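There are two complexes below, and they share chain A, which is joined by chain B in the first and by chain C in the second.
Up next, the complex of A and B:
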């Protein structure tokens, strides 16, 4: 049985194909159409999933959509009514999209991919819950989902048992932690729904001096449920998400190119602490209510690895699971998994141990592309390759690393990565000047051999999807200065030999040279571009940047060999 | 000749799209100010409850809403609402 899951029309469009309960393929549309956080109908991602599964569109039994469009439209219309006449510009902006695409998904499916079968619609937060629990290693667990907004719900919790999910309670729009975070992201001069991670990084540079002001905006009950004072916000009332009252409280907003002041860092820090505080209260109450020992988290808010780490440390749960595409892209996976397991009542037979569900390219394809680009390259066997690359890393070179299937989700986890030497204290400046052009306060992440992670980080469990930010052990911080954030944490990826043997071997070879079983791993993309997907994308980024070398499967291209 | 016809077709298509867009904007503007305005007026006088959906009172013992519509039912999932 083949089930295609789709998420689109808000941000992070994606498709996922499940065959008899096993995820065969999953990919985000942005990787194909090269538009970051693309919200378009994911026609390229769907075509890829079909191709990867060796089936035709006629073989799809069900299509699952990650939310209920009419229910969402109900909320949108009611919100326009409530904010009339101030929502006029938003109305003009959003209505054509609703009328053209969002309310006519079955027609779009027929037009774009010729699918005439059954389309099932799974509620937004149920899709999130399913995306985590149904592919987790747990037989039963509590589930918490949190993001900006779904149809009405902004946060929901319940339990999962076997192949069924029961949602107990939810909080509804406009009371949303995710929207608060996005509002502050925009207020601090970054792009809402895209650069929340930047605010998270900025938070470490400040002090929580505005925490009480955030507490005043919210009314929080002892059970963790909350409402926000809507007079501070302008949701749907104009281009700005915050009101004049908000500006009076926190000061003037920052424009995109303005200098970052201490006040901005303090606001980001206070926001981060506040969100942590609320989510910890909620998770503790969920523990008391469900008495489960394991917790599955999903929704864009749980891409915040600092929050995840706090939950792991301070809530009473023993284990947590978050799949790599915790944001809306994961909704495609959740919708498909929910249809197969919960609606069609099929037993669970898949645990998500790796994120490598995207496109791969054969050696002959890569060779042809390199020849087309007139590049001089060398081919190595597997053993030589990892040694050669490890040596280059040890010499402080920056390496573009392109291997196997692309990752599903926003993190590059060793198949579409830029690698560097974490022992080099100047590596951050080097990467920022040569390739990434990031804000100087943003940290880079370490990829560590799974079995050695405990030596360097205060970890309670594995972090294969780079979704935890534990403290770096005191004695080890000077060894890996390139990946330690100002607050002494690091966004760790633990690399297992079973799930990514080549990447594991590379780190092992690096350890043999330097004594450190860690490499710096950042996503293979240039500023404001999606992560590379194809060898052409990789070569393009390599040419535009000042990376020292590019490794595509077994082929190594040196910058000096670049024929312009 | 073929090139010319194609060009004419493209230009016509472009103008049709622009006119379509303008008409849609006019329609949406009328709908918003008259349709929504009138509906809001009716709701304010006859069914204010609809506008107060999800409104909470600080004195409520909890702000949690009981989750509804999350059943694993194929007939429910066919519906878009």
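Up next, the complex of A and C:
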């Protein structure tokens, strides 16, 4: 039984292929077409999933789509009517898209991939719920989903038992925490639906002086649900998501290149605290209502690792699970898993323990590419390779690390990563100037040996997908200054020997040299580009940046050996 | 002097190297290079659907017994679940190994098989060798083979011809009219011109060949009049490298690599050895150099791999044993 899951047309298009309940392949379209957060029909990702799964297009039994387009269209039309005539420009922009693609998915599937079989549409938040619970290690759990918006729902909760999911309740548009976060992201001069993580990082630099103002905009009920005062927002009235009233309350919006002021940091901090406050209240209520000990989270809001950590600490749940593609890309996985397990009633037989579901490249393919790029390289065996790279890291070199199958989701987790020495106090400036060109307030993340994580971080569970931001233990902060954020937290990835033995060994070798079982791990991409997917992408980024060394499987390319 | 990027030698006026030792073909490719326009399998599926037949056969597969055409036949039957008609043409010089591979493939796949054997071309081949004409035997053969294939496709009302061409054998999809053997490409210009000149002269004096097309362009214009037909290769659209599909056909179709081959790891007819010898003598390179250079530019092959594979190491005795069948002996 082969089920193809698809998410597209909003942001983070992706495809996922589930074969008899096992995820064989999953990938985001942006990795192939090189358009960050690409929203188009994921034809490249679909081609990859089919070819990786060793099946043909004729072997697809069902296609699952991650939302119900007509339900969503209903909301869009009503919203246009409500805000008419101010929505006129948005109407002109969106209607052709709806009529050409979004409402005609079966036709698109037939045209683009020749699929004429059954297409099933799973509600957006149900897809999110399924993407987490059905691949979690839990037999039963409470589920909470939260993002900008699905069809109508912006937040939903329920429970999962066995292969079934029951949604108890949902909050509906326009009352949306995710949209609030995206609005503030845009207000602060960053790209909505892309740079929410930047706002999360900025939050640590400020004080929550605007918290009461957020509480005024969002009326929170005792159960944690909320009503948003729409007079502060312009969701569908123009090109801007916030109203003049919002500007009167918070001051002028920041433009892309404007200097970041204390006010901006304070607004980000207040927003972050407010979102944490609301989600803690909601999760506590869910705990009281469901009496479950475990919680599955999904939706773009749970890519916010600070929020996730708060939930883990304060919500009363003993364990939480979030899969690495918690945003809309994961909807492809959720839709496919929901069809297989919940609709077709097949038992669950898969736990998502790693994110390595994307393309891999053979040694001969990589060798060809290196030769054709006229690069000088050296091949090492596995033992020599990790030792050699660990030595380079200990010497404060910046290493592009390209191994095995690409990660599914927005985090680079040791297969498409840029690595550096976390003990070097200047590493952030070094990375920012040489490669990443990030805002200086953004932190870099540590990848730590799973079994040593609690020596360095105040955490009571694993964080294999870099979705938790625990405190770094007081006595350890000076040891790893390169990965400690201003608030003393770190966005941790715990690395297991079972799921990524080569990356684990590299960190172990680094520990043998430095005594620190941690490397700095950031995504292998240049500013505003998607994470690299193929060796060509990696070589391209390597050549454009000032990384010291590039490691593609067992081949090491030194910057000094670059022959132009 | 060989281009530093590909494996084409300097062969003026068609191929010349700049000061850095890079050939004009590579320079042209760099200039034209489009960012990320990879063909996808779904593009192939769309084309198959667009040209779908209502007749008995969905496609005619040109099957030589080599790895590329055998895997193409496999894909059409197994991957796309179509009903292909396998078509093999033997001009009298096909190898036993190649024919064994074809036989095994059609038997295992259970597809209908059209086999065409003739010595019709023998006199023409003999003439080229004896007169030491610069016309390419392979070019002549491909003109005739394509003409015959189009005729067979029309006869059986098949709108799709499947060839096992690699990404090095064609530049753009999906039309045959843009295939590698174009006079307009500098790499083929002299070869194609010599072939045309030879045909022009030879056909006039030999009534036996009065209907023989004078060029690939003529093959195409004749085919166009006959029926609407497209020529495609699955290898243009699939990401699988030869190592992968060779393993597959070895396992599934009992396919074997021939004992004797040029280039390395390929399957070609006996005349291929003479053709290679002659074109190396006349131009310093063969159409295999062109194909592999293209693969290098696409990043699918390294220059070292290509140079190794293109080493001419077959003995003169082999040439003479083939030549003797055409009444010719190569001087020592």
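Methods note: the second predicted complex is superposed on the first by the 564 of 564 C-alpha atoms of A that agree within 3 Å, B and C clash if a C-alpha of one lies under 4 Å from a C-alpha of the other, contacts with A are read in each partner's own complex, and residues count from 1 in each chain.
The criterion applied here is as follows: a residue touches a chain if its C-beta (ideal position, glycine included) is under 8 Å from a C-beta of that chain, and two chains touch if they have at least 3 such contacts.
Bear in mind that the values here come from a model prediction, so they are computed numbers and not experimental data.
When the two complexes are overlaid on their common chain A, residue A:544 makes contact with neither chain B nor chain C.
After overlaying the two complexes on the shared chain, residue contacts for A:97 are found with neither chain B nor chain C. Residue by residue along chain A, chain B and chain C are tallied for touches, and B comes out ahead. Using the contact criterion defined above for the overlaid structures, shared-chain residue A:166 touches chain B, although it does not reach chain C. Touch criterion met: A:223 reaches chain B, while chain C stays clear of it.
By the touch criterion stated above, A:536 is placed in contact with chain C alone, chain B being left untouched.
Of the two partner chains placed by superposition, only chain C is touched by A:369; chain B is not. When the two complexes are overlaid on their common chain A, residue A:152 makes contact with chain B while staying clear of chain C.
In the superposed pair of complexes, A:527 makes contact with neither chain B nor chain C.
Of all residues in chain B, only 24-25, 28-29, 32-33, 36-37, 39-40, 43, 50-51, 53-54, 56, 58, 61-67, 69-70, 72-74, 77-81 touch chain A in the complex they form. Across the complex, chain B is touched by residues 68-71, 74, 78, 80-82, 84-85, 88, 91-92, 95-96, 103, 105, 118-123, 126, 152-153, 156, 158, 164-175, 219, 221, 223, 225-227, 338-339, 342-345 of chain A.
Residues of chain C that touch chain A in their complex: 36, 38, 40-42, 45-46, 49, 79-81, 238-241, 243, 296, 299-305. Residues of chain A that touch chain C in their complex: 33-34, 43-44, 46-47, 50-51, 56-58, 111-114, 362, 364-365, 367-369, 371-372, 536.
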